[in-house]
C-alpha cells in the first residue's frame, strides 16, 4: 500500500485493521478518541470487518475486551490516562486471565490537576500488572508495534496481554509518513488467532479466573506470569527477526543511538527521545562523546540488553517523563536496580522532564550533559532534578498573579 | 511460649475462641498474639485460628506450624486430608478433641500418640445454650489447658462476647457453659520439646504454559470431592412409611443432594448433605427426622 | 428449552447442573435459587460472575458447575457478558463455532453489584440490548464481606455497618432501592422477581423469558441464614413468608408492562416475617419499636394499594 501521512492515532487504527482484529470495545478519551473513531468509521463503511461496541466506562471496556479475548477472538481496545486508571482493576484481572489482548495507551498526564499533555505516569501505573509494555517514538513504530504485539501476546510461551504506548499530541495527533504493508504480507507475519487455551465451548466447559486461596497457590500463578513475561524477551527477539525479514524494519528491546563509543548517555522513552537524539547530535558536534539509549520494551524489563549497552560508560542520565511523588523518577529506580551489581557501573543521574508535555529545551539537555561531566569529576550525584527554565518560571508567575495568588 | 492452634469450621467459633483465650491470657498478664486464618469465610469451611502466649516478647507472625496445644472443635477435621489438625504438633503436646468419645477411643481412632483430652462440647452447647455454638466452650477448655486463671477467662468472655451477643441471657448461658467446661477439664503438666518439623527444600519453580498455569479449571462438577457432608451436626433420616413421594424435599434442597431411588423414594447423598434440614422442615408428611450426627463412621463407605 | 409452563415441582427438570460440595453456607437461599435457575437454563451456558459469596463456588481447583464460568470483578460482570456474547457471535459468524454449540450468557451477582457498584455496567448492557440473562440473588447486604449495608438492605435491618445502638436504635436508616423499577425503566424485554420458595414460578419465568432476545433479568429474594440470623432449616419458609406478607412481590415485566404472578389471597402481617430474624430482633427486644414496625407494614400496604391489589 506504500506510505501515507498518518497521525499516531491513525497508525494505531491501521495496525488494528491490518491485524484483522475481530472485536473492539471502546470508550472515548482525549487524546485517544481518534483511534476508535477511525475504526468505527471503517466498520460503518464496510472497509473493516469487525464488531465495535461503545461501552459505559473503561472499567467495562477492559472487562469486555478481556472476556472476548478469553472467549477466543482477536480483540483490541485503547485508552489514556484517567481512562486507564478507571479500568485499573481490570488491567490486573485480565492479565491474570492470560489472554492475548492488545491495547493502546495514549499517554496523558494524570489528574489532579487535570491536564491534556503527555507524560508517563499513566502507563507506568500499570507497570506491575502483567501487561507487556512497548513504548513508541514514531508513528511508524506505533503501527509496527501493534502487529508485533499480537504475535508476541499470542505466543504459547507468553500468553500475556500487551499494551502499546504512544505520547498524546506529540505522536497521537502528529502526522508523519507511515508505511502500510499489504495485507498478505501481514497475514504471513501474523496468522489468524487460533486459541489453544482460552475459549468457552459447551463441549469443553471451563471455569476461568477463579478464586485461588492460599499463598502457596497464589504465588504459583503470579510467578508463572512473571516467567511468561521473562520468556517474552526471547520470543520478542524472534518476533523482531521475523518482522525485519517481512517488512525490513529492525527493532530491539532498546534502541541505541550513537551509543557504541559514547561516554555520556541519555536514557529516554517515547516521542521525546527524538529531542534527546538531537541533543546528542549537538553534543557530538561540540566534541562530547554523547549517546542515547531509548527503552522500547519496558515490560519485560530488558536487563541484559541494558547492561550490555551501558558497559563501560562514564555517566548515564535518566530523563523520566513521570514522577513518583516522594521518590523521583520511576525509570531511574528501574535502571539503578538493573545496573547496581555491575562491575564498573556508570554514575547514574536522575532528571524529571516533560511532565504534562512540557518541552525539553536544548539548554536543559546541555545542563544534563554538564551535570554528568561534573558528577564524574566530583563523584557526587545530586538529587533528582526537575528540568524547568527561567522563562517557564516567569510565565507561571504571571498565571499565579492572574489567579489571585499575588 | 505456648502456641495454640484451633481447628473448626466456619460458624463454629474457632476464631472467637482464639480471641477469648487471647484476651484471657492478656488479662492474666502475658504477652499475647491471636490471629484467625479463614479462606472462604462461609459456614462449614475449615478454619484455623492461633493464639501465642508468652512471658517474653513474641517474635513470630502468621500461622503456627508447630503448636504445643491443638484444639479440635470439629472432630471431622481429624480425617480431613486438607485440614490436618495434628500436623506439626510438638512431642509432648496436648490435643483436645470435641467428641463424645473417651480420650482412649480418640487416640486409637486417630492414631494419636500425644496426650488427648476429650469433652462433648457440642452436647454441652446444645444442652446449656440451646445451640451448637462452641466458641466460649472451646476457649474455656483451651484456657484451662494453657493454665489461664478462671477470673481472667470470665472477664475475657464478658469483654469478647458482649460485643457480638446482644442478649444478656444468652451471654450468661455461654459463660455458665464455659465455666462448666473449664472445670470439666483435668489440667496437665505440659513438657513440649522443640519443634519436630522436617526441613524444607527450597526450589526454583519451572515455567509452565498458560494452558496449565492460568487460574482456570478444566474439570467440571468436581466439588463433591470436598465432601461437605462432614459439616453436619444433624443428619436427615427418611421414614419411608410416612413418605408420600411428593418430591418436596428434592425440590427444596439447596445442595441438590437428594436423589430418588427406583421405587420413587428420596434419599440423601450424605457425602455432601450439609445438614441444613430444610428437607425435614418442608416435608409435608413429616417423614424426615433429624438425628444428631456423631461422625463416628465418617470413614469412606460406612455412611 | 421447553417453553410450556410446568404446574408442579414434580415437573422441574431433574438434571442437576450444579453439584453439591460448594462452600456456600448450609441452607443458603441464593444457592437454592441458583440450582433451580440452572435447571431451567440447561447446560449450555457460561456464567459471568461478580465478586460476591458465589465467587467462592469455584475455588481452584474445584467447580460445582457443568458449564463454563468467568469471574470478572465486582462492578463489571455485565460488561464481561458483553465481551463473551459478542465474541461468541463473531465465532459463529466466522464459522468457527457451530450455532448448535452456542452458549447462553448468564450474569450472576449479588445485590451489592446489582444495586450499587455494577449499576452502570448493567444499565449499559440493558441499553445495548445485550442478549443475556442476569440473575441477582439479593440477600439484602454485602454478604461475602460479613453482611454490611448495601443499597438492597431493607429499612431497619441490622447489618455489620448499621448496628442498632443506643443512639440509633433503628438499624439501617434508608429504604431499600427498587431495583426492579430501575431496571424496568430501561424497558428490557423480560424482567422478573423470583424466590427460592417458589421454584415452579421461577422455572416458568425462565421458560417464558427464553423467547425474548435481549436482556432477561431476574432478581431473587434470597434468604441468608448467617446474615439474616435464622436457623438454616427455615430458609425456604422464610423466603415464602416474604412473599406471603407482601414484602417480596412476585412479578414480571414484559417490555416494561408489569404483572404480578402471585398475589396472596390474604396478606400475612409483616411481623410474622420480621420476628423470625435476628437482623430485626432489635425491633422487638428489649422494647418493641412500634413506629418502625408500623412504618414497615405501611410501606408494604402502600405498594399493594398502588397496584390496586389491596384496598
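The letters A, B and C name the chains in turn, as written, and every chain counts its residues from 1.
Heads up, the rule we're going with is that a residue touches a chain if its C-beta (ideal position, glycine included) is under 8 Å from a C-beta of that chain, and two chains touch if they have at least 3 such contacts.
Note that the structure is a prediction, hence the values are computed from the model and not measured.
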From chain A, the most remote chain by mean C-alpha position: B
Chain ID, smallest distance between chain and overall C-alpha centroids: C
Separation of mean Cα positions, chain B and chain A [Å, integer]: 52
Separation of chain B from chain C, taking each centre as the mean of its C-alpha atoms, in whole Å: 31
Computed distance of Cα centres, chain C from chain A, in Å: 43
Chain A residues counted as touching two or more neighbouring chains: 205-210, 212-213
Residues within chain B bordering two or more other chains: 39-40, 215, 217, 220
Residues within chain C bordering two or more other chains: 56, 58-60, 63, 65-67
Complex contact set, residues of chain C against chain A: 43-44, 46, 48, 55-56, 58-60, 63, 65-73, 75-76, 78-84, 86-91, 94, 96-97, 101, 103, 120-121, 123-124, 127-128
Chain B-touching residues of chain A, taken from the complex the two chains share: 96-98, 156-157, 159, 196-198, 204-210, 212-214, 220-221, 223-224, 227-228, 231
Touching residues on chain B, where the partner in the complex is chain A: 39-40, 205-211, 213-218, 220
Chain C contact footprint on chain B (complex, rising order): 10-11, 39-45, 166-167, 215, 217, 219-228, 231, 247-248, 250-257, 269, 272-278, 280-282
Partner chain C, residues of chain A touching it in the complex: 22-23, 25, 51, 53, 55-57, 59-61, 63-73, 75, 89-90, 93, 200-203, 205-213, 217
